[in-house]
Every structure is written in structure tokens, then in C-alpha cells.
Amino acid sequence: MIVGKVVGSVVATRKNENLTGNKFLIVEPYKNMAGNGRIVAIDNVGAGIGENVLVATGSAARIGCNAKGSPIDAAIVGIIDDAIGLE
Amino acid sequence: MIVGKVVGSVVATRKNENLTGNKFLIVEPYKNMAGNGRIVAIDNVGAGIGENVLVATGSAARIGCNAKGSPIDAAIVGIIDDAIGLE
Amino acid sequence: MIVGKVVGSVVATRKNENLTGNKFLIVEPYKNMAGNGRIVAIDNVGAGIGENVLVATGSAARIGCNAKGSPIDAAIVGIIDDAIGLE
Amino acid sequence: MIVGKVVGSVVATRKNENLTGNKFLIVEPYKNMAGNGRIVAIDNVGAGIGENVLVATGSAARIGCNAKGSPIDAAIVGIIDDAIGLE
Amino acid sequence: MIVGKVVGSVVATRKNENLTGNKFLIVEPYKNMAGNGRIVAIDNVGAGIGENVLVATGSAARIGCNAKGSPIDAAIVGIIDDAIGLE
């Protein structure tokens, strides 16, 4: 997983039918965290713009968020309350 | 997922038989988005050159697009209508 | 897998329910090891800050740590005692 | 998937038994395509040195090429005949 | 897959129980090969320090090496005897 900040969202009316009902948020990886740019993640925890979140990628996002048959490769799975050593 | 722009397409007559019937589009990741270059994605939503699209990668592309047994690792799964914070 | 050093931890009270009970540690990949930044991994072996650990990523983390249905993409699966050629 | 050029091959007599019978080709990702170096892919379509090919990676290579139980993470799944926007 | 050279090994006494019995080797990707640093791979073919090996990553390593339930994301699956175009 990585920690990132929610910096935006995207809307896609024409999309794969298994994606219906999801919110797509743009996440910027926190400085020092792995990742070479922003990603689009579905929101699994009610995150909002400006929040620091935990993002899972790959099959973990799909299978861990009850979306086994959906084309989802990234999901926000936690909202960061506190951290040691993030800086 | 990432947001990218469709910039081209490729044709492969000799190919794995499970790929038959797919359109292969070249997608350039949007500036600031993750990714270290263009990728080839199958088209799952009727995308065209010049459009901004949502691309899923890994097993999500294969399983989420009803192509469980095909050698597909990237798929265009949405067409971007609107966005906040993409710039 | 990669070798990394535990440099911190994160707390997320609001999170995917399948993540409950896990400890989320921040791991910095060892110099020369693959990886382009820190990652957040669940702790599967009782690791602590400052320890050098073995980290598995992708479906290996989820499936290999009895967390098949959880959105986990990285896990600390060993504590390094000794190494040849790590430097 | 990415487009790459076949630039060589490797031979491994001592190998995992599930790899027996495969041809291992070295593929250089096409300029502008994703990837940070050459990869070794099994040949699923009869590709030869110098040809531009379509390469699938991850579980797609293994499952999409009828090699479900083999340690294969990249496969040449098409030979490029024509392309728009590849340059 | 990638070609790499075995440059070391790590020992972890405290580890996930499904890892017991494996040898963990440090592999440095061959110049020009994909990869952004060294990785730790289990040894599936009896490789030794200094040898050039074929490494599979992701679910291929786990499933292709009869370690379906283990947190393994990289495995040495062949020893390179000969190569064309590796330089």
C-alpha cells in the first residue's frame, strides 16, 4: 500500500458496467512513497479531497473491496489518522 | 487506474487466438499520472483517438472485461467526461 | 521480495473492514534494492521500527499471509538476521 | 501490453520443468512505450529476431497462453503488422 | 522474466511459516534489463552466487514453483547457458 493525498476526481459516464456506482478519486503519492505519479482509485471508505489515505493496488483492490469481477486496480482502503515516520 | 489519451492503434494479424476481435489502442498517460511511457490497451468502451480515457491494468483488465482467459493486461474502461484536479 | 528497513507506521481508524487487526508499517527499500520509494506493508512476523525486513508484494502478500479477501498488497514476511552481498 | 522489438534470445538448460518447450526471447520496449529495460518473454506466436511484437505481462501472460501453472510473467502474443501513432 | 546475476543471499530465521525451506538469493538485473534495483528471489533450480539466471516475478513465481500459498513474488527459474543479444 502507499499513503497519498486525494487531489481530485474524474467522471466517466461511458464506462465498463461493472464500474457503475464507484467514485473515482485522483491520489497523489505522499513524498518519499513509492509511485511515479498520480493514480485513479475507487473510494472504499468515504474519503474526500485533501485527505491523506491508504491506497491498495493490483488484485488486492479488486478482491479486497468486493469487486472481484470489476476492472479496478486501485482502491482507497483507509483514511490516515496518525503516523510515525511519514515525513 | 490512470487517465491517459488515446494517441494511436496497432494491428497484429498473427496473434494469440484469444485476442481475436479486440481493438488495440495506444494510450499516453496524462501528465502527472503514474506510468513511464505509452501502453497498448484493449478498448472496452468504444474509445477513439484523441479521447481522454480511464485505463485499468493487470488482472483487473482481463477479469473485469470478460476476458478471463486472454493475454490482456490493460483495458480502456471509461471515457473521461469531467475532472477536478487533473491538471 | 525486497529487503527494507522499517522506518515508521500509520494508523487508520476508518478503513476497509478486512484490514482490522493489522499493523501497518512504513518500509524504506534498502539501498540498491528495487523500489522507487517507501511502501506501507502489514506486519506478518512481529517486526519493529529499525529492523531490516523481507517484504513480499502483490497477490503474494495477500494470499501468503492468510488474508485472501483483504486489500493488502505488501507484507513483511521475514526479519533479516544475516546477509551476504547486501551491501 | 507494450510494443517491443525482439533483439535476442536466451537458453537455459537447467530450468523449472514447467518451462520446458518454450522459446525465451529478449524484447526491447519500443521508444516511448512503458518499461524501464529489456524483458525476457516466451514466444506464443512464432516471432523472430527483429520483429515488432505485442507483449503481455503479469498473470495475463501465464493464463492467456495456456501456461497456468508455469513461472511465466511475459509473453509475445502478437506480431505488429501496422500501427498508427507508434512514432 | 528478466536475466540477472546472483550477487548474494539473505537469512531470516523469524519468517512466515510458508517460507520455511527456501533459499533467498539476491539478484541484480543484467544491464539493459528491466528493473530498478536488486530483488530477493527464492531459488527453484539450484543457482549459486555469480551465475546468470532467469527470474520470474509476481504470481508466476508463486504458482509456477508449487508455492501457491506462500508469500513469494520472485523466483529463479532457470540458469542461463547461452544467449544472443544479451549485451
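In order of appearance the chains are A, B, C, D and E, and numbering begins at 1 in each one.
What we mean here is this: a residue touches a chain if its C-beta (ideal position, glycine included) is under 8 Å from a C-beta of that chain, and two chains touch if they have at least 3 such contacts.
Remember, predicted model here, so these are calculated numbers, not experimental data.
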{"item": "Minimal step count in the chain contact network, chain A to chain C", "value": "1"}
{"item": "Centre-of-Cα separation between chain E and chain A, whole angstrom", "value": "30"}
{"item": "Centre-of-Cα separation between chain B and chain A, whole angstrom", "value": "19"}
{"item": "Multi-chain contact residues (two or more partners), chain E", "value": "35-36, 58-59, 61"}
{"item": "Chain order around the ring, beginning at chain A and proceeding next to chain C", "value": "A, C, E, D, B"}
{"item": "Chain A residues touching chain B - in the complex, by the definition given at the top", "value": "7-16, 18-19, 24, 26, 28, 35-41, 49, 58-59, 61-62, 68-74"}
{"item": "For the chain C and chain E complex, residues of the former touching the latter", "value": "1-3, 29, 32-36, 44-46, 54, 56-61, 63-65, 75, 77-86"}
